[in-house]
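Please go over the structures that come below.
Both of the next two complexes hold subunit A, though its partner changes from subunit B to subunit C.
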Partner chain A sequence: MGASFSLLTVLVLVLLAFMGVRVAGWDPLFGVVIPYTALFVFLVGVVYRIWDWAKSPVPFRIPTTCGQHKSHPWIKGNNIENPSNIFGVVIRMALEILFFRSLFRNTKTELRADPSPRLIFGENKWLWAAGLAFHWSFLFIVVRHLRFFTEPIPFFVGLIEYMDGLFEIGVPTLYMTDVVILAAVTYLFLRRVVIPQVRYISIAADYFPLFLILGVAISGVLMRHFYKVDMLRVKELATGLFSFHPVTPEGIGVSFYIHLFLVSILLIYFPFSKLMHMAGVFLSPTRNMPNDNRKRRHINPWDYPVKVHTYEEYEDEFREKMKKYGIPVEKE
Partner chain B sequence: MYNGGKIFAGLIVFICLITFPVWYNVVRGKAAYRPELKIVTEEKECVESSEYMRNEHMHLLDDWRNSVVRENKRTYTAYDGKEHEMSLSNTCLKCHSNKADFCDQCHNYLEVTPTCWDCHVIPEEKKL
Partner chain C sequence: MSSELPPELADSPKPKELMAIDYRPPQQPWMETPVNFKPGNYCFPTKAKNLRVLDMPNPREWAPEEEDWKLPENWMEIIREGMKDRLDKYRSFKLFMDICVRCGACADKCHFFLGSGDPKNMPVLRAELLRSVYRGEFTKAGKILGKLAGARKLTIDVIKEWFYYFYQCTECRRCSVFCPYGIDTAEITMMGRELLHLLGLGINWAMEPVANCFRTGNHLGILPNGFKDALDFFAEDAEEITGVKIDVPINKKGAEILFVVPSGDYFGDPGTYTCTGYIMLFHELGLDYTWSTYASEGGNFGLFTSHEMIKRLNAKIYAEAKRLGVKWILGGECGHMWRVVNQYMDTMNGPADFLEEPVSPITGTKFENANSTKMVHIMEFTADLIRHNKLRLDPSRNDNRIVTFHDSCNPARAMGILEEPRYVIKNVCNNFYEMPENTIREQTFCCGGGAGLGTDENMDTRLRGGLPRGNAVRYVQEKHGVNSLACMCAIDRATLITVCDYWARGVEVTGIHEMVANALIMRGEKDRQTDLRGEPLPGKEDEEDV
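The block that comes next holds the complex of A and B.
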C-alpha cells in the first residue's frame, strides 16, 4: 500500500513536470519559481526544526555505551565506546556520522527450526554497507554538481569528478557513484519489501523518499547518457539561480526539468520528513554526551524550589496537640 | 536551550555549506560568464546537424575512434549521404582548428576533460 502509493506519487510528479514543460511550456515555473521555493522551504524548514530540537530540555546524561567506563587507573577504559570527555565524544560522533558505526553492529535474530527450534543471532552488515554506499555516493554526487552551480569551478570538483569517472567507461564517462547509488537505493527498497518484519513496519514515509531519490538518480543518469540536454544552457540556468539573476534559456530538454522538479520536491519534502536525520544524527542524545555521570554532578536544570514540610516543622506546628494526646515528640 | 551555542554554530556552518554556490559566485564575480564559441570556417555545416553535433559529438567521435582503430573503417556516411574521412585531425580540426576558442570553451565551462589529447597532438592555433 505504502509502496505503491509512493511510487504512484513519484510517477505523477514526473508526469507533472513533463506536462508542465513540454505541453504547457511553464519553463519559468519549473526552472525558477519552484527551485527557489524549494531552496527557501529547505533552508527555513531545516533551521526551524533544528531550533525546535535545540529548545528541548536535555536534563540527564543518557549515552548508550558499549565499552569499559573510565574508572580506576588500573582498568583500561574505552574512551570511544564509552567517552568520558569531549574528545572521546567528538571521535565517537565522527565515526557515527561518517561511517555509521552503530549500524555496523546491527545484528539479526532468526528462529531456526532445524535441527531443533532455537533462536540464533548473527551479524547483519548489509544495511550498513548499502546505507554507507548510498550516503557517500549522494554526497559525491552533490559535490560533483557544483560544476553546474559555480563559475569558475572550484578545484576539488574536478578532482572528485576525475576520481568518479576513473574507469573511463563509455562517453560521457560513467560515474561510479551513479552505479553505486542506483544499486544501493534499489537494495534499500528491496530490503523493505522482502524482509517480512521490515515490510510490516514500513509505511509511505519510508518508501516515498526512496522512490523520490531513485527518481532523481534515474532522471539524472538518463539525462547524462540517453536523453541529452543542452548543458551550456543548463549551467546558464543554474548559475542564474545561484546569482539571483534567474533565466530560463530556450531549448533545454524536458528531462532536465523533470530532474530539477524531483530535486525541488525532495528539498521541499526534506524538513517535514525522516530525512531530517541529516541534522538529527548530530543531536542524538544517546551519542553526543560524555558518560560522566559519576564524575560530575548533573543537576536537573528545570528543578525549581519545591515547598516542603519537614518533620521538624510538622512537630513545631503540632507539638502542643501531640503532647496533649500523648504522642512522643523529639523536642520538648 | 541547552548547548545553544554549539547548535547555533552548527547551523551557521550548515547554512554556509548549503549556500556555497551563492557566496562563491559572489566572491568570484563570474557567474554571468558565458562561453563564446568561435567558428572559423567557410563551411556551412558540420558532418551532421548542429543540434546533433551539440548533444552527440562525443558519441560520434567515440564511434569514429572505435571504427578506425579497431575495424580500420575510415569512411563515414552522413545523414545527407556525404562521405567524410573519420579523422579528428583531418576532418574535425580542418574546420575547428581553434581548440581554445571552440572545444575548450564549453569543456572548461562544464569541467569536461575529454581524452582526445591523450593521443592526439593539440593543433597549432590559427590566428584570427
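The block that comes next holds the complex of A and C.
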C-alpha cells in the first residue's frame, strides 16, 4: 500500500506541475514562488531539526566499540573502531559518512538444513554498494548543478562535469552519475519490494522519497536528452533566483518545471522526514564519541541526587550478624 | 550432538524442531498483529514487595496473560510525559527516533530474530514499536498522516507489545555495530523499559535482584555472614587442593585495593571456581586488598531497569571505597558490570577524587586508561602480571580443556576488552580455538539471557536467543573437539550452561580465572591432584587418592 500510494503521489505531483505550467501558465508560481518557499522550508527546517536534536544533551558517553580498546602499551588498540581520542573519532566518523563503514560490515545470515541445521554467515555488500553509489552520485549531480547558479563556474564543477562525461557517449554527453543514480535507486526500491523482511518494515515514508528522487532523476535525464530545454534560459532563471531578481524566461519547456517542482517538493519534504539522517549521522552518540570514559570524566548536565541505601543503614540492619562473624563494623 | 537433554530442558522441543524457523514475515502488517503471551516466551512480572522496597510506582500483583494489567488511570498521560522528558534528556533517544531509514541491515543481526523468526524481533521493528508512538504523539507528519507516516495511537495493546518485546531484547548492541547511523537498540530498549516501569511494569527476575542489591548489597540477597561463609568455603577448598592456607580479607580498612565481583561468582557453579581462582591469585601475589559485604555486587541490574536505578545501585562501590580508604578498585569477570563501570559509573557517582590513579603493586604498571574511574578490569590486571612474568604458570594443567572464548556483549561492544582475555587464556592453556569471525569480538552473539532475561520461565525464548551462540560453539566442538567455553561474565557462566547443554551438548562453561588458578603454581603448594572442580588433573587420572 505504501509503495503504490507513494508512486501515485509522485505522479500527481508531476501532473500538477505539467498542468500548472502548460495549461494554466503559472510559470512564476512554479519557477519562483515554490522554489523560494522550498528553499526556505528546507534551510529553516534542517537548521531547526539540528537545533532541536542538539538541545537534548548527551548525558552519558556511550560509543559502540567495534575494536580493541586502548589499555596496555603492548596491546595494539584500534583507534578507529574504538577511538580513545578525538583524532580517532574524526577518522571513524569520516569513514562512516564518506564510506558507510558500518554498512560495509553487513552480513547475510542463512539457516541451512544440511547436513545438520546450522546458521551460515555470508558476505552481503549489495546494500552498501548501492547505498554508496546512490549517495555519491547524488552529491556529484548536486555539485554539477552549481554551473546553473554560478558565474564564473568554479573549476571543480567543470572538473566533475568533465569526469562525469568521460566516456563521451551520445550528444549531449551521457553523465555516468545519471546512469548510476537511476540504477542505484531502482535497486534500493526493488530490494524493498523483493526481500520479504524489508518489505514488511517498509512504509510510505520509505517509498515516497525513492519515487520522488527517481522522478527528479528521470525528469532531469529527459530534459537533457529527450525533451530538450533551453539551457541558457534555465541558467537565467536560476541565477535570477539566487541573485534575488527572479525572472521566468519564456519558452524554457515544461519538463524543466516538472524537474524543478519535484526538487522543490524534495526540499520541502526533507526536514520532516527520515532524510534528516543526512544531518543526524553526525550527531550519533554511539559513533561520535571517544571511548575514554575511564580516563576522562563525562559530565551529565542534568544529573540529580538519587536515593541510595547508605553504609550506615546497611550496618544498622546487619551489625549483629557482622560482629558475630568477625566482620569489622563502624559502630561496636 | 548427543540426543539426551538434561532434565531442566526435558519439556523443550528438540533442537532440530526448534530450528525449523521461518524467517518470512506474515501477511498481516505488524501494526495489526497483536502480541501473544505464551508460557515460555515471557518473564513473570515484578512482585509488589520488590517495587515497594525501591519506592517504584504501582506495586501490585498482576499477570501478563490476563486482560487487565491494573495500570494507573492516567497511564497515557504518564507515558506521554515520560517520553517527552526522555526526549529532552537523551539526544540518543530523540535522534534514534528520527533518523532510521529502515534499510534492514540490522534485521538478521539479532539473536532473538535469528532464533525465532518473529519479525518484531528485528531490531528495526523493535524500535518501530516505540517510534510509531513517538510519531503519532510528537511529530506533525505523524499526527496528520497517521499510518502513512508510520504513526499509530498509544493503546493498551501497544503497552503490552512493548512489555513483550523490550523483554525480548538483551541490550547486547550487536545491531548497533552494523547500523549505518549507529542506532543502538540497547538505548531504545532501555527507554522502553523506563517507560514501562513508570506504570509498574517490570519483570521479577530483574527487579528482585535490584531490590536485593539495594538492601543487602548484592543481587542474590546474600547477607554479610553468608558472604563470609562462601568466601571462607572457597579458601578451604583451595587449601584442600593446593595445601596453601589462604586468608580472605573482608571490609578491611586501609587495604590498597577494593575488589568487586558480580555476586554470581560467589553464589553458583561454575562462577564459584572463578571466585576461588581470584582468591588464590591474590594470595599468591600477597596483594593488599579487601572484599566488601556492602559493595558485594559489581553487576548492576539497574542497567536493565532505568538510568536512575543504575546510579542508585552503583553508588555503593565508590562510597565503600571511600569508607575503607582504599587507593583504587579492581573489578572481576563480569559483562554488564563493565558496561556500567566504563560508560556510567564516573559520570553518575564520580568524581572519584578520593582515590589514587591505579598502579599495579606487583609490576608497577600504571593503568592510565583508568585514571579517572580508578577502576581496573581484572583481565587488564592479570594480563599485565603475565606479561611481566610475575606468575609461574603450568598451562598443561588445563590440558583436559580444549577451549574457545565467548566475548560477552558488554565488554566487547561497550568497552572493547578483546585482547586481554585472549592473552590470558593463551598463557594458561595449550588448546585454544576461536569461533567463526562473525560470532566473536565486536560481532559476538549474546548468550540469550542477558539484560535480566536469564530466568527459566522464558526458556523457549532463551534457547532461541542462544541459538547463534550455541551454533558457533557446536561448530568448533565438531571441528576442533572444543569441550570448554571460556567467558568473563557471571550471567554467561549461568546461562551458557543451558545454551551448551541444548545446542552443543558436552561443552562445559568456565571462567578465565578458574583456568588461571588451575595453571598457577603457588609457593608452598603440594602436588596437586585435582583441578578446582575436584576433577583429576591431566596425567593424574590414575593416582586419584581423594
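Note that in this section the second predicted complex is superposed on the first by the 298 of 332 C-alpha atoms of A that agree within 3 Å, B and C clash if a C-alpha of one lies under 4 Å from a C-alpha of the other, contacts with A are read in each partner's own complex, and residues count from 1 in each chain.
Operating definition for what follows: a contact is a pair of C-beta atoms (placed from the backbone, for glycine too) under 8 Å apart; a residue touches a chain by one contact, two chains touch by 3 or more.
Source: prediction; values computed, not measured.
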Between subunit B (first) and subunit C (second), which does A:Leu283 come into contact with in this model arrangement: first, second, both, or neither?
both
In this superposition, the partner of subunit A with more touched residues, subunit B or subunit C, is C
Thinking of the overlay built on chain A, is A:Phe155 touched by subunit B (first), by subunit C (second), by both, or by neither?
neither
For A:Lys235, is the partner it touches subunit B (first), subunit C (second), both, or none of the two (neither)?
first
One more residue to check, A:Arg147. First (subunit B), second (subunit C), both or neither?
first
Looking at A:Ser243 after the superposition, I want to know if it touches subunit B, subunit C, both of them or none. Which is it: first, second, both, neither?
first
Please indicate which partner A:Phe226 is in contact with in the superposed arrangement: first for subunit B, second for subunit C, both, or neither.
neither
Contacts for A:Pro172 in the overlay, against subunit B (first) and subunit C (second): which applies, first, second, both or neither?
first
Considering only the touch criterion stated at the top, classify A:Pro57 as touching first (subunit B), second (subunit C), both, or neither.
both
Across the two complexes, what residues of subunit A are contacted by subunit B and by subunit C?
53-55, 57-58, 283
Contacts from subunit C onto subunit A in the complex sit at residues 1, 15-16, 19-21, 23-25, 29-30, 55, 87-95, 98-105, 107-109, 114, 119, 122, 124-125, 128, 139-141, 145, 147-150, 173, 176-184, 187, 214-217, 223-225, 228-229, 250-253, 293-294, 307-308, 311-312, 315-316, 319-320, 323, 341-344, 346-348, 350-351, 365, 367-373, 375, 380, 383-384, 387, 412-420, 423, 436, 438-439, 441-443, 467-468, 471, 474-475
Subunit A residues within the subunit B interface of the complex
42-43, 46-47, 50-51, 53-55, 57-58, 146-154, 157-158, 161-162, 168, 170-172, 228-232, 235-236, 239-240, 242-245, 279, 282-283, 301
Listed in rising order, subunit B residues that touch subunit A in their complex are 1-4, 7-8, 10-11, 14-15, 18-22, 24-26, 28, 30-35, 54-56, 58-59, 61-62, 106, 109-113, 115
Could you pull out which subunit A residues touch subunit C in their complex?
2, 5, 49, 52-62, 64-72, 74-78, 81-82, 84, 96, 100, 102-103, 105-109, 111, 116-119, 121, 127, 131, 195-206, 272-274, 276-277, 280-281, 283-287, 291-300, 302-303, 306-311, 314-315, 317-318, 321-322, 324-330
